[in-house]
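Every chain is named by a letter (A, B, C and D) in the order it is written, and numbering of its residues begins at 1.
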Amino acid sequence: MKKLMNDPKKFVSEMLKGVALANSKTLKYIPEYNLIMRADGPNDNKVSILQGSGSGHEPAHAMIVGYGMLDAVCQGDVFAAPPADYIYQTTKLIASKKGVLYLINNYTGDRMAFEMGREMAEADGIEVRAVIIDDDVAVKDSLYTVGRRGVAGNFFVIKAVGAAAERGASLEALEALGNRVVAATRTMGMALTGCTPPAKGKPIFTLAEDEMEIGIGIHGEPGRKRVKLASANQIVDELLASVVEDLPFKAGDEVALMINGMGATPISELYLLYGYAHEQVEKLGMTIKRNYVGNYCTSLDMQGFSLTLVKLDPELEDLLAAPAEIAIRTF
Amino acid sequence: METNNLALIVRTMADTIIANENYFSELDGVVGDGDFGYSLARGFEIVLQDWDALDNSSPSHFLKAISTIIIGRVGGVSGIIWGTAFLRASMTLATKIEVSKEDVIASFRNAVEGIQKRGQAELGDKTLLDALVPAINQLEASFQKGEDSRSAIEAAAVVARQSAEATRPMLAKRGRASYSGERSIGSLDAGAVAVAVLFEAVSKAWKA
Amino acid sequence: MKKLMNDPKKFVSEMLKGVALANSKTLKYIPEYNLIMRADGPNDNKVSILQGSGSGHEPAHAMIVGYGMLDAVCQGDVFAAPPADYIYQTTKLIASKKGVLYLINNYTGDRMAFEMGREMAEADGIEVRAVIIDDDVAVKDSLYTVGRRGVAGNFFVIKAVGAAAERGASLEALEALGNRVVAATRTMGMALTGCTPPAKGKPIFTLAEDEMEIGIGIHGEPGRKRVKLASANQIVDELLASVVEDLPFKAGDEVALMINGMGATPISELYLLYGYAHEQVEKLGMTIKRNYVGNYCTSLDMQGFSLTLVKLDPELEDLLAAPAEIAIRTF
Amino acid sequence: METNNLALIVRTMADTIIANENYFSELDGVVGDGDFGYSLARGFEIVLQDWDALDNSSPSHFLKAISTIIIGRVGGVSGIIWGTAFLRASMTLATKIEVSKEDVIASFRNAVEGIQKRGQAELGDKTLLDALVPAINQLEASFQKGEDSRSAIEAAAVVARQSAEATRPMLAKRGRASYSGERSIGSLDAGAVAVAVLFEAVSKAWKA
C-alpha cells in the first residue's frame, strides 16, 4: 500500500499541523503533546471533554474537536494510546471549574494511560470523570476479559455529551449521559483489505481477492472470521443481525443508523450500503430518526465499513440534532 | 550493583530495543497491531539522546529519569507498562547508593506488581509477564544459591527465552491480541519475546 | 480491487437509492433518469441549477444537491455522461420561470449530451444557459482541441453560483458568475493507484509500488507522466507549481485552497498534504481565505489527490461562505 | 432494401455489440475510460428487449425507434454519436417504404454529418469516423460499379477493418483518449474497431 507522506515518524505531527493550519481561528495545536484543542477553551461554565486514543482513526479524534464536540484530543502515534503524560498535560490545559470528562475507548493502552493521567491530574485538584466506550459487538464480552472495543459508536457518545456540555450539564450528569449512550449503541465492522501503518509499510493482515474479514477492529486487529467475499446486501444482513440481536433492538424502536467507512471505502459504496441497510432496519419495524453515512472512525487506509445502531429517546435525538462545529466540514 | 552497572543494563536495553524495532513490531503484528517495537524504540531513542543529561546521582534517580521519559513519551500499553516498571524499581531503591542482589529482586518484584496493578494481567494471559516473572524467579534462585551475577543473569536469560517460547500455545487474555480470541494461539507474545531478547543481551554485555 | 456492491449494473441506482433514503425530507429521487433533485424545487423565484456528469465522482454530483448548491443532478453510468434524454427530462422537471443553468464539466460526452438536451428543452420554451468548467491544468489546452477537463474546481463554481441563485440572481448574471469562477480556478491531480469501474472489475491503469502518475483525470485517464513515487511535500511542490504558473497566481492574491481526495485516500493524508501546501502558498505571498480538505470530486476508489487554487475577490469569498445544505454532512 | 433487411442489420449489430461488450471496453480502457462496450451493450440490450414492440411501420420509423432508445438510455459519447446516427438515417428515409442503394448511402452520409456536427471530429482525429467514412466510401464505390449488396458489404467490411487498424499510429484529438496526448499513439481506437467488427458481422449475416 502506498501513502502520501514524508517521514513515517512525522506522519502524526504533520497531519495535526495540517488540521491546525486549516482551522487556525478555532483550534490550537500544541505539538509537544500531539494536542489539538479549542482555541476558545477552557470555559469555566462548561465541562471540558477530552478524548485521547491512538492516531489512524481520522477524522476521529483530532478533526472532531470544536463547539458541541470535543474540547481537546491528545493523540498517540498510529494505533498507540497517548503517553500518560500527554493526558496529564492536556487535562491541566483544558481544566474547567466544572471538571473534565474523559471519553475513553475501551483498549488496555488507552484505559491505562487515562487512569495514570487522571491520577496525576487529580493530585493537582482537577475533578475528572470518565466514560468507557465499548460498542463493538464483534468481541464477545464474556470470553475475553478485556471487554469490548470502542469503535465508530464513539461518535454518538461525543456528540451527545458534547451537546449537553454546551448546555451546561454537570460533570456527573455528563458521565451518566455518556454511559447511557454507550448502553444504547452497538457496532459491527468488516474489511475488504487490511490497513498499513505508516511506520510498518506493510498491511497488518492481507486478504485474498475473494476474501473478507468479518468483525474487524479499528487497529487492523483481525476479526471474528475470514470468509468468502459476499455481496453488499449479504454483508449488511450479517452485520445488522449481529448488531440487532445484541442490544437487542426491537420493532418500534427509534434509532440512529450509521454506515461508517474504514478509510479507503468510496462514499458511493457507503451510500449503496446505506440504502439497503435502511430498508432492512425499517423492515424490522424500527424507525430511523437520524442517519450518518461517511468516514467517522477509520482504520487508516482500510477498505471496509462498520454499521452502528443507536437506540434513541427524545432527549438523545435532540442532543444528536444540536449544532456543532468541527474541522470536518464541506463548506 | 552500582549506577555504572545499571547504566550498562539500561544502555544495553536501549541499544537492543532500537536494533530490534522491526522484529518486535512484526511479532506484535501477528495478532496485535504491529507497533510494539516502534513505540518502545521511539522512547529509548530519547533515552539515548538525553543520556548525558540524565540524573544519575543515584540508582533511584537514574531509574526515575528513565521512567519519566517512557511515561512521557511512549504511547500504547508499553509506555505505561515499561514506564511503571522503571518507576516502581526507582521507588524500591529510594536513597540507596549501593544496590544489593536483594534490592535487585525487590525492585523487579515491585515492578511486576506495578505492571499487574495497571494491566490486571495474570500469569498465563500471554503477556510479557509470562517471560519476566519466571526469569526473576530464576534470578532469585541463582542468587540464593550464591551464584555470581554473570551466571545468574545467564540462567535467567535461558529461562526467559524458554518462557517466551512457552507463550506460543497460550490464548491471549490481555492487550489487543486478546481480540483475536482462539486465533492468538500459535504465535509468540511480542512482549515476552522482548523480555527474553533483553535478558540475553544484558547477559552478553555483562560477560564482555 | 474489491468493492462493496451487488450487481455492477445496479451500482449507480443502488447508490442513488441510498442517497435518497438518507435524505428523504430534502431530496426526491426519480430512478428512471438517475435523477436526484431538491424536494422543495423548482422555485420560480430562483434559477434552477443542473449538473449532469457520469457517476463515480461521489460526493459530486448526486450528494451535493440541496439548498445553496445544485437543484438537481441526472447522472450517467460510471464515467459516462448521462443520456441526452435524462437531461431533457430533468430540465423539464426543474424548469423555473427564471430559467435553468447547466454547469457542464468539459468532456465531449457531457457537452454533447447537454447540447442535445438543451435543444430539446429550448424547443419546449425553457430558457437555458450553460457554463463549461475546465479547471484541470494537466491538459494543455493548446495541444488538443477538446480543451481542458473539468475536475475538482467544479465545486467552487457550484458553490458560488448556488449561493448567488438563492439570492435571486438572474440567469445571465449566474452564467457570467460561473464563467468568472472558472476563469479564477485551477486544479492539478495525481494518483498512487488506478481506479476500478464496477462493471470492469479491473483497474483502468496499474502503477507499480514505487510509481505514481502526475496529472491524472477523474475517469482513470492516465496523466502527464508516470514517475517514481516521491514524498508528499515533493508532490505538493510539483502540483502547486503547475497550478500557480498557469493562472498565474501572484503574491498578494487572496485564494481558496483545496486538497481533494480521489476516493480512497485517508483524510489523515489529505490533512498532511494540506499542512505543507498551506505553508507553501503562504510562502508565495498569497493569503488563504478559505480552505477545503476532503473528498469533493473523486474517481471511484483511486488513491491520490488534487490541489485546487481559486483566486478570490470579496464577492466570491462571500458566496463561498454562504450557508448550504447537502447530503454530505457530519451531523 | 426492406424493413426486413434493416431488421437483420440492427439485430446483428445488437447481438454483436452485446457479444463484444468486454472487448470493446478493453479497447477503450487503453487510453480512454473503459466503458465504451458497457455503454453500447446496455443500450442494445434494451433494443432487443423491446424488439417486438418497436415501431417497424416503415424503415424511418424503425430507425427512429432505435435512435430514441440509444439517445434515451445510452450515456457517454456513444449515446449521442450512435443515437444521432440512427436519428439522421431515419430522417433521411422519411416516408420511404423501399430503400434504394442511393438511400443507404445518403442515410450514412447524413449520419456522418450528424456525428460531425455533434462531435466536431475530423477524419484523422482517431475516432470511429476513421473507419466509418472509408467504409461508406467503399460501399458507394461498389454500388456505383453495380456490385450486389453482398459483395459491396463484404468489400466495405474489409476497408473498415483496414481503416480501424490504421487508427493505431494516430494521435487522438477527440474524446477522452485525447487527454493522453502522445500516449494515445500506438493503440487502436475503440469506436473504429467496433465499426469494423459490426461491418464484418453484418457481412457474415448477409451471406447466411
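One rule holds in what follows: contacts are C-beta pairs under 8 Å (C-beta built on N, C-alpha and C of every residue); 3 or more make two chains touch, one makes a residue touch a chain.
Because the structure is predicted, anything quoted here is derived from the model rather than measured.
Visitor: By label order, what chains touch chain B and chain C together?
Guide: In this structure, the chains that contact chain C and also chain B are A.
Visitor: Please compute the C-alpha centroid of chain A, do the same for chain D, then give the distance between them in whole Å.
Guide: 55
Visitor: How big is the gap, in whole Å, between where the Cα atoms of chain C centre and where those of chain D centre?
Guide: Going by mean C-alpha positions, chain C sits 32 Å from chain D.
Visitor: Taking each chain's centre as the mean of its CA atoms, how far is chain A from chain C in angstrom?
Guide: It comes to 29 Å between the two C-alpha centres.
Visitor: Which residues belonging to chain B are in contact with no fewer than two other chains?
Guide: Residues of chain B touching two or more partner chains: there are none.
Visitor: Two-or-more-chain contact residues of chain A, please, as numbers and ranges.
Guide: none
Visitor: Looking at which chains touch, is this a line, ring, star, complete or other?
Guide: line
Visitor: Hey, which chains are touching each other here?
Guide: Pairs satisfying the touch definition: A-B, A-C, C-D.
Visitor: In their complex, what parts of chain A are in touch with chain B?
Guide: Result: residues 9, 54, 76-86, 107-109, 112-113, 115-116, 139-140, 143-146, 149, 197, 199-200, 204, 217, 219-222 of chain A touch chain B.
Visitor: Of all residues in chain B, which touch chain A in the complex?
Guide: Chain B reaches chain A through residues 25, 29, 31-35, 38-39, 42, 71-81, 83-84, 118-120, 172-176, 178-181, 183.
Visitor: What part of chain A is in contact with chain C in the complex they form?
Guide: So the residues of chain A in touch with chain C come to 2-6, 11, 14-22, 55-56, 58-59, 63, 159, 192-193, 209, 212, 229, 231-233, 235, 263-276, 278-279, 291-296, 298, 300-301, 303-305, 320-321, 323-324, 326-331.
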